[in-house]
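Both of the next two complexes hold chain A, though its partner changes from chain B to chain C.
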Partner chain A sequence: MAAAPVAAEPISVGVIANLTGTDVRTSVNMTRGIEMAVADINEAGGIDGNPITLITEDSEYRLQEAMNAANKLYGVDNVEVAIMFGGSSLMIPVANLAQDKGRVLINTSSSSSKLGDYPGTLFSVLPLDDIIGKKLGEWVAERGHKSAAFVVPNNTFGTGLMNAAADAFVASGGEVLAQVAYTEGNPNYRADMQTVANVEPDAIIAAGYGDDSRTIFKNAQQLDIAAPWYGAYPTIFAIDDEEWMSERFFGVDNGGASLKSTMELAERYRAEYGEEPLSHVFYGYDAMQIVAKAMELGGTSSSEIAASLPEVVKSYEGATGKITWDDRGQRIDPPVEFVEFKDGAFHILGTGE
Partner chain B sequence: MIDFAIYMTTIVCIWAVLAISLNIQFGLTGLVNFGQILPFAIGAYSAGIASFHGLPIWVGVLAGLIMGPLIGFLVIFPTRRMAQDYWALASLGIAEMFRLTMLNFRGIAGGVEGTIVERLSDPRVAMAVSVLALVVSFIVAERISKAPLGRLLRVIREDETLAATLGRNPFRFQVVAMAVAWAMASAVGVLYAHITGFVDHGSFMVIETFIIWTAVIVGGPGRNLGVVVGAIIIQAMSVSTRFVAQWTDLPSDVVANLRLALVGLLLVVMIMYRPEGFLREKKPNYDVKS
Partner chain C sequence: MTQIFVNSIIYGSQIAIIAIGISLTYSVLRFANFAHIQYAVIGGYATYVFHTAFSVPIVLATAMSMVFTGAFAVLIDRIVFRTIRHVTPEGKMIASWGVALFLRSILAAIFGGSALFFELDTTTIRVGGAIFTTLDVAVVLVTLCAMLAMHVLLRYSRVGVALRALANNFELAEVRGIPSERMILLLWFLSGAYAGLGGTLFAIETQLKPNIDLLILLPVFAAITIGGLGNVYGAVVGAMILSFAQNILISIDFGSLVGAMQWYVPSQFRDAVAVTALVLVLLFRPQGLLKGLGGAKP
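Let's turn to the complex of A and B:
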């Protein structure tokens, strides 16, 4: 008598993202990247025939709700691994919880150095602030700018990046004229931008995203600030006046965008969602892919995933390029691309590691 | 599932204490405090500051218990002559000032990066402590409410001038109510810091005050049991709606937005059709002849 076929058992993976609250667009892009990866994985047969299903929880970008989400995922849904978008103020408490429960957390958006305190629990696909910041500061100096003003949001991402970029810029012979860390969510940043206008820098080095970056650019335009802009992860900035920003906005972004597979993924995204993908689509995609490959390699329990992940990334070249981790699971030496905004799109000027 | 229930009990107890704290100020005394998150933040930051500067845990706990009511006094003293609407705005502003100070001065408790605090790693212990905090807060609030002090606070709530004609100094009693209320909120702030293991400014935004107010308005201002029920309803709504996305085919971002809309809708409906809340305040009649 033939044995009855065993039904494929879905493997649940948790996702924590701010689907409401602040910075929703970036977060939703990350979620979509994960969903695209899951579609690819399941189409290829899943994990040993078992499909992956996602359980997505909203964090509202609030600690309380992020903890509610994580407790539900780890405590009720019993997911072995969760992929998360959010700053360090959310990521660290959730990492604490994951560590207590012996589960795995994949970070796609936070870049605080404190994340390295959770080896075997927390793994990052986003490089730390100081790496991108250093490359940005050095590049601005290489391009012949002698002085710079900084405009960043007053959060861990913004100030961490500013400190690293400023150090690198000064070390390369540049002079920092002003450091503006603005409070997020304001309807107007004219006073902040007036500070920048007053010092007349050769270049403006910036970090930011969403509506705030849109307002910052608008205020700079109103004040006739002519200096070129250099942004960290420029694709997450929101640009209204493309003509004004054309050939005025440069930046250092994650590498891999010029890879054929990444360009195909971007094209798929445009076709599915009718908009340009932010780089977080690729971080989400890579996070899900390395989790799936770790499950294939070592098994689906959290301890097996945690043990396999460092092995997986050694041979994985994803949508954000090659992933290199230090011994704490934090991304170092990411491939980067130097880009220029021109005629409504970003163009690659060069690459580096 | 049990772990989740333990965690939710812990969280509900903390928010219920915050609701009781606000109820003592608003429901009982008539102090419209739009900065209710401040004493909670003071407690949490006391733990955070102690941790950031390498001090023992008990220093943070003690500081939280003392600093809550002390700062409450410092807040109410210079603003005592303000009308209620201005006092409400002042309390909102002072809470934001505290938060922004913690955000911008790295040397106090890590500034924008926040600070890690030693955690209560056993969830059962965290639950036991939070349940104890709720029980103690509830008993204290009930005793105040039913004592002559509670009756006088209600008179102050209804008419400060009337209270003054009774030979009482309304401000003195407002200070007492605020000190007790802020001590409760500050105590659970310390507890919250040791449950999450992290303190940063993002946990003490204006929206957190809004959530406490929603619990009080939904539950029943003036009645301690009511505001506890309100806190349970708000937290239960927040959590239970998380399961809707899995039971339906609705996209998770749509469910997330609906969840927030539901809380707003509940608040509007309650204000329109049952402003006294789910559990109406009991107003005892006193037989003055006897």
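Let's turn to the complex of A and C:
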């Protein structure tokens, strides 16, 4: 690999995150993880002596704003690579744009299996829905539940995850009684939850986030639905009544929190920000670290970064453990955690890969 | 079926109480006030602030919110609508949309875009296969009481007679000595207070967001169009018809009808029912269902 030309100025890396609007906390965690990585990289001398600077744009969790942010970063600021937090419905259009412009996009949050359609452009530091969905479906069956109803948002994230989890659940001997794909942004999901109540499932398998998930739980409680909930990425759900959800809410989340490197980073995070980190901190941190290492290895242009990234992850072991990609640049053997919500916090019941 | 009935009554009540206020102002001032929906949202926020920030009991907080929202509606009339009283109804309608946008922005600036929730203790009730909560019961009872109060006011009080006179023939009522400007102020206050009540009931059942008016707007305007613009009783009937139509559509298990896995019409198609009802009424009975069927304007 040819040595990269020495940059005369700080190297800009773009960040797209929903800093206002829905699901802000997770985005802020991811952004802080990136900032912590940049601090480490610059303290160690930057990229061949040149410091990394971040240009952060707010997507407001809205497609138009995400596209505005990406257009500015790639078109005006001329960044070669951007790291993004956002749902698949935002990530996929931005990946299209990045592909058209020949730039690189690092995905730290989206999980639609369609994200694998952008090899050489989009790289994911977290696994796609088909992997988490499969583990979730299998786990629900392993825990002895014979039937399940699904409650997911009607978008690529929700339905993709539901399909993967349902296939795995049925393959493990379970029966799917109902599949509810709700429209986001409604003030009330009573009718959707009545559909679930009517079929009386052993378990409810769910995806969701933000205010919608809170309303869903509230409506379920109002309808006295007793079945336990199994969520994909449970930390992004918003819980309405912690007491009611205690020992009733389980899930499969991106793992790594029990690794030594993760625990050290978590301790730093607590010291700097005075709160418990979400796993998004670690994914943001790893995203920035592999970008920096790719720049060091191959150069700072987007084509050089894209070419170097697969090589970098082979030897990288970061905050979320060792990263293994398929030939599309999508993570395939992530650490996962099986968790239970109890007494106001998530507790790890087990880990796996 | 019991569940469909219960859901329809609850949702219909929430819509009706807001729709009444629009019909009331339309009956005298002859324009559809889009800002009315935002008054409802303001009422929800006012109740939230009184209840959570000042620990006022929810019933008293709601009453205070009604007074606040009523006074706010009067204030907006003094600032905006009185100055354009001579403008065409279409012009006033557009101005009211501008007021709504302005108020939504103010709410978003003060409270942010995230949803707020009332934390109220509720108990689940099961009757004849239907599941509902004590909160649902309270919402329906409050709505019934508010409707009854409005009926008594309009039918059996001097103020009601004056309002009905203005609605039937504004100029003649003025000639007969009815103080129209004072009555218009009262009209705005009543309309705003009912919006505040409706917004509070909607919020405690669901959530509060500055842009939640966009979700309320369509069913409320569909209800008053179905019932007949300017007809307070028509607004209630329209809200109930719409609510039943919407809830029946999304509650039928179409999957089982063809021997497949359960499949229901997704709940977002509720709006399609409202739009369809609007179009049908405007095409075949633009004056609304109650006009000529015994429905009287106030």
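In the analysis below, the second predicted complex is superposed on the first by the 329 of 353 C-alpha atoms of A that agree within 3 Å, B and C clash if a C-alpha of one lies under 4 Å from a C-alpha of the other, contacts with A are read in each partner's own complex, and residues count from 1 in each chain.
Please note the rule applied: a residue touches a chain if its C-beta (ideal position, glycine included) is under 8 Å from a C-beta of that chain, and two chains touch if they have at least 3 such contacts.
None of the values given here were measured: they were computed from a predicted structure.
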item	value
Overlay on chain A: chain C relative to chain B, clash or fit	fit
Larger contact residue set on chain A - chain B or chain C	B
Touching partner for A:Leu349 - first (chain B), second (chain C), both, neither	neither
Which superposed partner A:Val176 touches (first chain B, second chain C, both, neither)	second
Touching partner for A:Thr20 - first (chain B), second (chain C), both, neither	both
Touching partner for A:Ala266 - first (chain B), second (chain C), both, neither	neither
Touched partner set for A:Val199, first chain B, second chain C, both or neither	second
Which superposed partner A:Asn154 touches (first chain B, second chain C, both, neither)	both
First, second, both or neither for A:Ala39, with chain B first and chain C second	neither
Partner chain in contact with A:Ala191 - chain B first, chain C second, else both or neither	second
Shortest CA-CA distance between chain B and chain C [superposed frame, angstrom]	5
Shared contact residues on chain A - chain B and chain C	20, 154, 181, 183
Parts of chain A lying in touch with chain C, wherever the complex brings them together	20-22, 24, 154, 176-179, 181-183, 185-192, 194-195, 197-199, 211, 214-215, 218, 222-224, 240
Contacting residues of chain B [partner chain A, same complex]	1, 3-4, 7-8, 11, 100, 103-104, 112-114, 116, 119, 121, 196-198, 200, 202-203, 205, 207-208, 238-239, 242, 245-246, 252-253, 255-257, 259-260
Contact set on chain A toward chain B in their complex	19-20, 28, 31, 55-58, 60-65, 67-69, 71-72, 74-76, 87-90, 92-93, 96, 100-101, 112, 114, 117, 154-156, 158-160, 181, 183
Chain A contact footprint on chain C (complex, rising order)	3, 7, 113-115, 117, 122, 124, 126, 131, 133, 135, 202, 205-207, 209, 212, 215, 247, 250-251, 261-262, 264, 266-268
